[in-house]
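Here come two complexes built around subunit A, the first alongside subunit B, the second alongside subunit C.
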Partner chain A sequence: MLLNRSTSRDRWRVRPDGPGKVTGKLAYLTDMTAPNMLHGMVLRSPHPHARIVSIQTEKAMAMAGVHAVLTYADVPGLNRFGIAHPDHPVFCEDRVRFVGDAVAAVAADTPELAAEALKRIEVVYEPLPVVDDPELALRDDAPRLHEQGNVLHSNDYAFGDLEAAFAACAHIVEETYVTPRQMHVYMETEGGLFVPEENGRLTVYSPTQHGFMDRMQLARILNRPEADIRVVSSPIGGSFGGKDELNVQPYGALLALACGRPVKLHNSRFESVRAGLKRHPMRIAMRTGADASGKLLAHQARIVSDAGPYSTLSAEVLNFAVEHVLGPYRYGAAEVKSVSVFTNNGMSGEFRGFGGNQAIFALEGQLDRLAGKLGMDPWELRRLNLRKPEDPGPFGQPIVPTDGARQVWEALLESRLWRERSSPSAEARPREPWRKIGYGAAFVMHGSGLGVGIPDPAGGRLALAADGKIEAAFGYEEFGQGLIASLEQMLVESYGFGPGDLRIVIGDTDVVPDSGSSTASRATSMMWKSLRRLHGPFTERLLGAAAEALGREARTLRIGEGGIRSLESGELLLSYGDLARAASEPIVCETSFSFPASPVERVGSHYLYTYCSVAVKAEVDTRTGRVRVLDQFHAVAAGPVVNPQGFLGQIEGGSGMALGFALTEDAVMEKGVYLTRNLDTYLIPTIAELSGTFEVLPIEELPEGDEHGPRGIGEVGSVGLAPAIAQAVYDATGKRASKLPIDPELLQERFRAE
Partner chain B sequence: MAMEEKERLRSPSVWLPRDPGEAVRLKEAFGGDAVYVAGSTLLRTQWEAGTAPVPAHLIDLASIPGLDRIEETDDGLVIGSLARLRDCAAHPAAAGKAPLLVSAVKAIAGASVRNQATLGGNVVYRVGDSMPALLALDAELIWHDGRTEETIGAAEWLAGPSARPGILTAIRLPDRESGMTSNRRRWFAFHKVGRREAFVPSLVTVAIAASVAPDGTIADIRIAAGGGQTVPRRLTDAERLLAGRIPDAELLEHVYDAALEQYAPAPDPFAADSYRKRTAANLIAAELWKSLREPDRAGKGDGDASESID
Partner chain C sequence: MIDKTLAQRSAGAVLECEVNGRKIAIETPPARRLLSILRDDLGLTGTKRSCEIGRCGACMVLIDGKPRNSCLTMAYQCSGRSITTIEGLADEERLHPVQECFLEEGGYQCGYCTPGMIVSVKALLDDTPDPTMEQIEEALTGNLCRCTGYGGILRSVARAIERGGEAT
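Presenting the complex of A and B:
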């Protein structure tokens, strides 16, 4: 059954955080102010690559109203950050490696004064040659950006006799796929409020996807115990991976402690573009061959990823891409070589899809090209080579078996959109000769969780608070995805609480347990699992205490809206407030565990997967070469739908991002400098692009005995649309787009009157 | 704090002249330290991007009464320079007399900008997306230099120097057909192509206004093209090929070539000139083809300019 408002019936709920967001009443962390607050700003390098000869801060410091001017000399702890490998300077010492590199920071009475003070800081640079192409960066004669050279990470994988396999192929396709430097474009740019407390602690109000990780990194920079830092991190005005790494927090924290006063920082959009993370631009060269029947015999891929100047999660993104260029298909032999390269371009990092978007665009492109050579239906070619439920994962690792691959394959075949393709009705055919319609589809197998080799803790806590609220505390973040709504829905549906009974506590390191990061499509799965683990003990504790208070047997009671109710009649017997007052000891249950991982050594291997198929109908206007997406169908096999509205929102929203990735978005750089400095030239889709028909079919069925429940859906929606569009464009025009966003010039034709 | 610093951190003074003469005198008094402001939507993007300094004085033309009027006259339509783009697009007289302009105006920026921005501001920008439509409509610009009014054709103004003393007070769209016992069919077309479907800087804009005799002969046609930083121009070679002719497939080929040749876009960092030239030529040829195939769609005196962004 298609997922929408009407089919969801009473499971379609108003989001608890919805009214505040749509009315603008909700205060985000970057809306906060504090009495006596100063304004912070960061001086960033104007050069993509330069040696710092000298930094003079005296003139800025001498200005009235300027309270601190900091450089690397003022960092008490580690002058570096980075989730996986801290090599990103908080402040550069003697060299800048990209146009976002920080050299100094200022706190002043007003933002205008802070901006003026930045101009008074005198930095003498000696420009160095700019390394703006990862392929050139790999050459022996390229300037070395780091002591270890320009290779950040490489990761190869191979099985079978590749040469023999290619020799046996009847058809081989070769192509190089190029993907853009996509920007997250959260509505709320990076920022926060940093408050030194009277007791000597520091409170950080700043969006992040993992409060405890920020706390650890800040403790390392500030050289203070983690316990002295409180990170308040939700609500967040969008993140999509872009705020998982530290951004302005080191500057806010250092300035606030230096001044002994609250400091606010909030990036302008220009600064966000310049300093913020982007999706890794990748060049993926592929060679794929099949026998005469279409059976895949050989598959070879070489991935070159542009990391920008520092590590953040570039190695992990590359590992993910290596796994996903192999994807859901079975090959006789395969070989993947990959390298993530330091350059003087903008910083690349974590972004929804995590390297899968680039990988799947290339892999699905190969299947479509091969089908063309075979004269075979592209969707049939996929079926022929698709994994079976019991098959191992892309790295040969054991994975949790589901029938998702077959299910989404079939669902697409039976969809209204795909059936229209086989028998397009007359009205679907445009009258004007320059309008060309095409259909395309793509298959996605996407891993969730951080993968083998990375600590992946999970957990949560339920308590009956003293005021009678049922308190659910999780270390996850609400960045628009509907986490609070999903948590509420699970507590209502699986425990029987009423929405008014609940208090949801997230995003505050002082009060929540460490549940791991809100990344990698993991948060909802881990909340579901936590609540399942807590269900027995917490229910038992509540009913036991109620039984004692009421002088009845626990087995005659149940949890209900407003309080403990009679199992038989449903009558309310004891409110949660009265229960809290009556209970002899606090009722608190906590659970902690790890995201399930495959029992193998290979770093980054995944264990749980979501399967997705995407069909698209697109129109190309050959006068202008512009592409419009008219109709989309997404089948998603991810287990039970926890929150219908959230599910639909994730797939629609992800697809919107993929549409931009395919058609309009690219943070263009020239010699290490952004040409697209603002949202007037960096173009995300508008309602005009997103107005086509959109259908989502969730496949909720899981094999009997499956204990993992709902799989991640936060990223899959952003993966499959781009290759499906590229195939639809080919279907319409006969032209293959291997570079994204698709260049309209490629599709333009001279108009000729008939 | 030193005086100089205070000066730098100060917000600009906003002046509210009561008539064009006062506005021009203020500008003469402050010189380069002042700028005229209408909707300020373009200026604000320049200030934010650091491509233009925030001046010490802003002369707010919106304070001059009557500059935002839109009115039908005996021989055409007059739109005050301070008329908001939103009001130009929604005004019944504009829809009746100048659907081509309405299409162009609706394609400018986004709704929130159109609520604030003015037609005069878009014109004075010189590369605004309304300009090709105004050229195709043979619009006249009414300027006030502080003492007297002067009327100058839009094309003539664009051909001259960009700096001109005084302010633009109105845009006049003459009704060229009025008075004729016209059995001619009029049609219009406007296209804006950018890198996105809406709220986007243009790469190519094309505007066509034509009148056609009952036998299909093109009696009169004006074709104008712009886009991005291109100062819009009439494509006179294509116009000449078409005037007095009944277009056919062969003629359209020549028109395509003539448009391709004459349209000279200013360079854009995000699209090749070759692409933009082909786009302009394609759109012009395709519109003519449509007018042949579906002569009724344009209707008498009721141009088809519905495809504002195509």
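Presenting the complex of A and C:
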């Protein structure tokens, strides 16, 4: 059944955070102010690569109204950050490696004064040769950006006799796929408020996807115990992976402590562009061969990923790409070689899809090209090579079996859109000869969780608070995905609480347990699992205390809306408020566990996967070369739908990002300098590009006995549309786009007056 | 040569206008942006700061009923005008129908673009109660949303049209 408001019936709920959002009353962390507050700003390098000869801060410091000017000399702890490998300087000491590199920071009475103070910091640079191409960076004669050279990480994987397998192929396709430097474009740029408290602690109000990770990194930089830092991290005006790593936090924290006053930072859009993360631009060269019947015999991929100057999660993204260039298909032999390379370009890092977007664009492109050579229907070619439920994962690792691959494959075939493709009606065809219509489809198998080799903790806590509220505390973040709404919905539907009984506590390291990060499509799955683990113990505790207070047997009671009810009649016997007052001891249940992982050694292997199929109908205007998406169908096999509105929103929203990735988005750099500075030249889809038809079909069925419940859906929506569009463009025009965003020039045709 | 008296002359400038139905008079330089006045001087943080070049619509407000990017509007341009921000749409008892439709249809996710989006939808429907898809696209292309893919927004607008401005 297609997912929408009417098919969801009473499961379609108003989000608890909705009223604050539609009225403008919800205060984001960048809306906050404090009495006596100062404004912080960061001085960043004008050069993509240079040696710092000297830094003079005296003139800035001498300005009235300027309270602190900080450089590397003022960092009490580790002058580095980075989730996986801290090599990103908080402040550069003697060398800058990209145009976002920080050299100094100031705090002043007003933003205008802070900006003026930045101009009076005198930094003498000696420009160095710029390494702006990862392929060139790999050459022996390239300037070395780090002591270990320019290779950040490489990861190879192979099985079978590749040479023999290619020799046996009837058809081989070879292509190099190039993907853009996509920008997250969260509407709220990075920022926050940093408050030194009277008791000596520091409170950080700044968006992140993992409050405890920020706290650990800040403790390391500030050389303070983690317990002295409180990180408040939600609500967030969008993140998409981009705010998982530290951004303004080190500067806000250092300035606030240096001044002993609250300091606010809020990046301008250009500051966000130059300093922020982007999706890794990748070049993926592939060679794939099949026998005459279409059976895949050999598959070879080489991935070169542009990491920019520092590590953040580039190695992990590369590992993910290696796994996902293999994907859901079975091969006789395969070989993947990959390298993530340091350059003087902008920082690349975590972004929704995590390397899967680039990998799957390339892989699906190969299947489409191979089908062309075989003269076979591309979707049929996929069926022929698709994994079976019990097959191992892409790395040969055990994975949790589901029938998702077959289910989404069939769902696409049966979709209204795909049936229209087989027999397009008259109105489906354009009238003008320069408008060409095409259909395309793509298959997605996407892992969730952090994968083997990375600690992946999860958990949460339920309590009956003293005021009678049922308090659900999780260390996850609300960046728009509807996490609070999903949590409320699960507590209402599976426990029987009323929304008014609940208090949801997230995004504050002082009061939540460490539930791991809100990344990798993992948070909803982990909340579901936590609530399932807590269901028995928490219910038992509540009913036990109620039985005592009421002088009845616990087995005659149940929990329900408003309080404890009679199991038989449903009558309300004891409100949660009265229960809290009557209980002889606090009722608190906590659970902690880890995201399930495959029992193998290979780092980055996943265990749980979501399967999707995406069909698209697109129109190419061959006068302008512009592509317009008219109709989309997405089948998503991810287990039970926890929150219908959230599910639909994730697939629609993710797909909107994929549309931009395919057609318009690229943060353009030249010689290490951003030519793209703001949203006038960086074009994310508007409502006019996304007003086409959109259908989402969730496939909820899981094998009997499956204990993992809802799979991740936060990222998959952003993956499959780009390759499907590329195939639709080919279907319409006969032209193959292997570089994204698709260059309109490729699709323009010359017309002659008849 | 910079005319230093300009800064002095503007120092005591007073902006008199109406914000959400209340008359205000505040001392502010004539070239100060309305966005800053709303957020920093009046504490109306429902109007959001994002691109600051009039491209994204997060700072959209109504000036005499017309949607305007407050990041591109200077104080002197507001003199004597009536300004409505997202905070001014709902009355004490109930939400504006457009706000209700966004709530019911889930026309938002992170919510950061939502105030500006709702302001633009209100302006559209006040002017054109039964717009075509082209008119909707035209009216809302200046409001960027990165989360929803606009599906929920289009459904919210459709519902608001259906209601004809009436909350039911």
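FYI, the second predicted complex is superposed on the first by the 752 of 754 C-alpha atoms of A that agree within 3 Å, B and C clash if a C-alpha of one lies under 4 Å from a C-alpha of the other, contacts with A are read in each partner's own complex, and residues count from 1 in each chain.
Methods note: a contact is a pair of C-beta atoms (placed from the backbone, for glycine too) under 8 Å apart; a residue touches a chain by one contact, two chains touch by 3 or more.
Remember, predicted model here, so these are calculated numbers, not experimental data.
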item	value
First (subunit B), second (subunit C), both or neither touched by A:Val14	second
Contacts of A:Asn678 with subunit B and subunit C, given as first, second, both or neither	both
Partner chain in contact with A:Ala292 - subunit B first, subunit C second, else both or neither	neither
Which of subunit B and subunit C A:Gly65 touches, first, second, both or neither	first
Touched partner set for A:Thr686, first subunit B, second subunit C, both or neither	both
Touching partner for A:His266 - first (subunit B), second (subunit C), both, neither	second
Partner chain(s) touched by A:Val185 [first = subunit B, second = subunit C, both, neither]	second
Winner by number of subunit A residues touched, once subunit B and subunit C are compared	C
Touching both subunit B and subunit C, residues of subunit A	268, 678, 680, 685-688
Subunit C residues within the subunit A interface of the complex	39, 44-53, 55-56, 58, 85-87, 89-90, 95, 99, 102-106, 108-115, 118, 133, 136-138, 140-141, 143-155
Contact set on subunit A toward subunit C in their complex	5, 12, 14-15, 17-28, 30-31, 184-189, 235-238, 240, 266, 268-269, 479-482, 645, 648-649, 652-657, 659, 678-680, 684-688, 690-691, 694
Residues of subunit B touching subunit A in the complex	1, 5, 8-9, 45, 48-49, 110, 193, 195-201, 248-249, 252-253, 256, 269-272, 274-275, 278-279, 281-283, 285-286, 289-290, 309-310
Residue ranges of subunit A in contact with subunit B within the complex	63-65, 110, 112-113, 116, 268, 270, 432, 434, 621-626, 628, 664, 668, 675, 677-678, 680-681, 683, 685-689, 744-745, 748, 750-754
